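Think of it as A, B, C, D, E and F in the order they're written, each chain with its own count starting at 1.
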Amino acid sequence: MGTEQSLQRFREFRERLNERILQEGDRTTKRFFSLDSFAYQEGALTVREKELLGLTASAVLRCNDCIAYHLIRCAEEGVEDDAIKEALSVSLIVGGSIVIPHLRYAYDLLDQIHQENSPP
Amino acid sequence: MGTEQSLQRFREFRERLNERILQEGDRTTKRFFSLDSFAYQEGALTVREKELLGLTASAVLRCNDCIAYHLIRCAEEGVEDDAIKEALSVSLIVGGSIVIPHLRYAYDLLDQIHQENSPP
Amino acid sequence: MGTEQSLQRFREFRERLNERILQEGDRTTKRFFSLDSFAYQEGALTVREKELLGLTASAVLRCNDCIAYHLIRCAEEGVEDDAIKEALSVSLIVGGSIVIPHLRYAYDLLDQIHQENSPP
Amino acid sequence: MGTEQSLQRFREFRERLNERILQEGDRTTKRFFSLDSFAYQEGALTVREKELLGLTASAVLRCNDCIAYHLIRCAEEGVEDDAIKEALSVSLIVGGSIVIPHLRYAYDLLDQIHQENSPP
Amino acid sequence: MGTEQSLQRFREFRERLNERILQEGDRTTKRFFSLDSFAYQEGALTVREKELLGLTASAVLRCNDCIAYHLIRCAEEGVEDDAIKEALSVSLIVGGSIVIPHLRYAYDLLDQIHQENSPP
Amino acid sequence: MGTEQSLQRFREFRERLNERILQEGDRTTKRFFSLDSFAYQEGALTVREKELLGLTASAVLRCNDCIAYHLIRCAEEGVEDDAIKEALSVSLIVGGSIVIPHLRYAYDLLDQIHQENSPP
């Protein structure tokens, strides 16, 4: 909500709780988690294209954690910053100014991702 | 936003601000707050059933504070964890992966609620 | 959109298109359809309770087709009108006046469902 | 959904079903309907100002029936077309291109309202 | 709303009302319409990629008219059905079962688009 | 998220990131930012009226950062607290109890704004 969020903290919380959900969740939840991974595998669309779709969907639905996840995945897939920014601008046009706080969040997180990946 | 939130802090802020709204809010707001309490009283549905409906509605609408409130109320009404987790899994199926960050939040909060209630 | 919709037409279109999606859809879509059915099976919650959760989720997310589906399922499970109306009123309180058009739709559909089930 | 809707049909269905809901609905629903009317009465804001707020809220939440209702009320309160169009343009900027189909609906309905009110 | 909608009727209404909005709308609205076209032009992402993003955004935000528009554009850009269906399945996973009625709508419309384009 | 947020931190983050987006964003994003400012200029509606529309739209769409921005702008335009509270109560009625956490946020922020503006 208008303040920076540590990339590290997001990942730690996400991994710890996902693990717990996979242990203690009901069967529907576990099957959904499995299907969620399956959905982004290469098919008629490449993984890169699907991650950009996931990022756009997350941005128009205005979910910072989902934006964080797909930004990390886009970086892992080698999607260039210009492509990410255009996906975010399509999200901005479709979703309107209510998306702007999430654009700020995404640009800030993109910096954090690059800093992690740059040699000291 | 991918990080833990203290149950205690949520309650303190909620109570302090609700009190202020009831003092300084306009009449529409005050009447809505009163109706909001009324809606969850026993009728054709039990309080337990209504709180599970409130939890599901909060989860698909992706509001962490509303999830926290209805989780606390469910615990007070003695709803078992398995029932809560199934209500959350229906929310996940209806609302999709965008609900997952709120599932993580709910599972983490459920732990905090149990820790408060367990004897030292 | 403020006008009646034939229960019959909804069912015919839904069944015809669902069949096509199950034939021509990709594997993710097919697995999701299967999981969607699985999620409403009896567990810690009864089928009746889960259908009321599905109805509430559909109402606050304001999807008439989903409301129609869960109303039909509630009727099949023998959920009484009073219980349905209270689930809709929780949806109204959580989701606000923007839910009202869907309340009108649901009350109208409930009539059509009863007319179908009543002997001539 | 991209096609004209008769102003007359909207009104007829709305009035008939609202009446039924007020007869057969549970107490929460009836109290909400009463509060919903109360909220738009003159206070620190004029009725005109509140109807423009209602129209904007309806447009960004993308509910055609709610847009129809507030357009009719705006016309009754004598709000000029230019003011209505600017309220809709704020909605468009906040809510993005996903609001455009509802803008088309609103402009079309505004015509129907004027035709009703113009002498033959 | 669970029933077919003529592709032809959508297009006719869309074009007629867009024209009126561009004539009678305020300046903010006109500038937004221009920017909306600009956003889908080729840049770091191709037009094809941007249209798939627009389709996904429309599906998770559950707007049939926006789905119709981007399906038509995808077909014009030569996007294959398999790619379209995978974009819709990512939308389904992100947005959940509430997206299913819009999946039915999209599959039905895709047929209508192919029928128009096939020689008699 | 149920906890106070410093007005100062919101402003600092917002300004720093907006500046970066205006430097590094693609052309669509820059044009949207410019149009977003343009939309709130005086026309058939006053700036005060448009800011109240922006506040209401932000509240029903449940975006704390957008609420913060429009509350600050309302205060700058001299909108009285009573008018702001009525705009929020219309938002509450339209959007339902899911808006309540954002009402708490708004009331708390309004205090912070007044404290900044009051002489020591």
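Note that in this section a residue touches a chain if its C-beta (ideal position, glycine included) is under 8 Å from a C-beta of that chain, and two chains touch if they have at least 3 such contacts.
Being a predicted model, the structure only gives us computed values, none of them experimental.
A.B. asks: Any chance you could check whether A-C or A-B wins on number of contacting C-beta pairs?
C.D. replies: A-B
A.B. asks: Determine, among A-B, A-E or B-E, the equivalent of interface C-E; equivalence here requires over half of the contact pairs to be the same by residue number.
C.D. replies: The chain pair with the recurring interface is A-B.
A.B. asks: Where the CA atoms of subunit B average out and where those of subunit D average out, how many Å apart are those spots?
C.D. replies: Taking the average C-alpha coordinate of subunit B and of subunit D, the gap between them is 31 Å.
A.B. asks: What is the distance, in whole Å, between the centres of subunit D and subunit F, each centre taken as the mean of its C-alpha atoms?
C.D. replies: Distance between chain centres, rounded to whole Å: 24 Å.
A.B. asks: I need the residues of subunit B touching at least two other chains; which ones are they?
C.D. replies: Only 1, 26, 28, 32, 35-36, 39, 43-44, 57-58, 60-61, 66, 82, 85-86, 89-90, 92-95, 97-98 qualify.
A.B. asks: Under the definition above, what is the set of subunit A residues touching subunit E in their complex?
C.D. replies: Residues 35-36, 39-40, 43-45, 49-50, 52-54, 56-58, 60-61, 66, 80, 82-83, 85-87, 89-91, 93-95.
A.B. asks: Considering the complex alone, what residue numbers of subunit C touch subunit F?
C.D. replies: The contact residues of subunit C facing subunit F are 60, 92-99.
A.B. asks: Under the stated contact criterion, what part of subunit A meets subunit C in this complex?
C.D. replies: So the residues of subunit A touching subunit C come out as 26-28, 31-32, 35, 38-39, 43-44.
A.B. asks: Which of the residues in subunit B end up touching subunit F in this complex?
C.D. replies: By the definition above, subunit B touches subunit F via 1, 5, 9-10, 13-14, 17-18, 20-21, 24-26, 28-29, 32-33, 36, 57-58, 61, 63-66, 68.
A.B. asks: Give every residue of subunit A touching subunit F within the complex, in rising order.
C.D. replies: 1-4, 62, 82, 85-86, 88-90, 92-93, 97-98, 100-101, 103-104, 107-108
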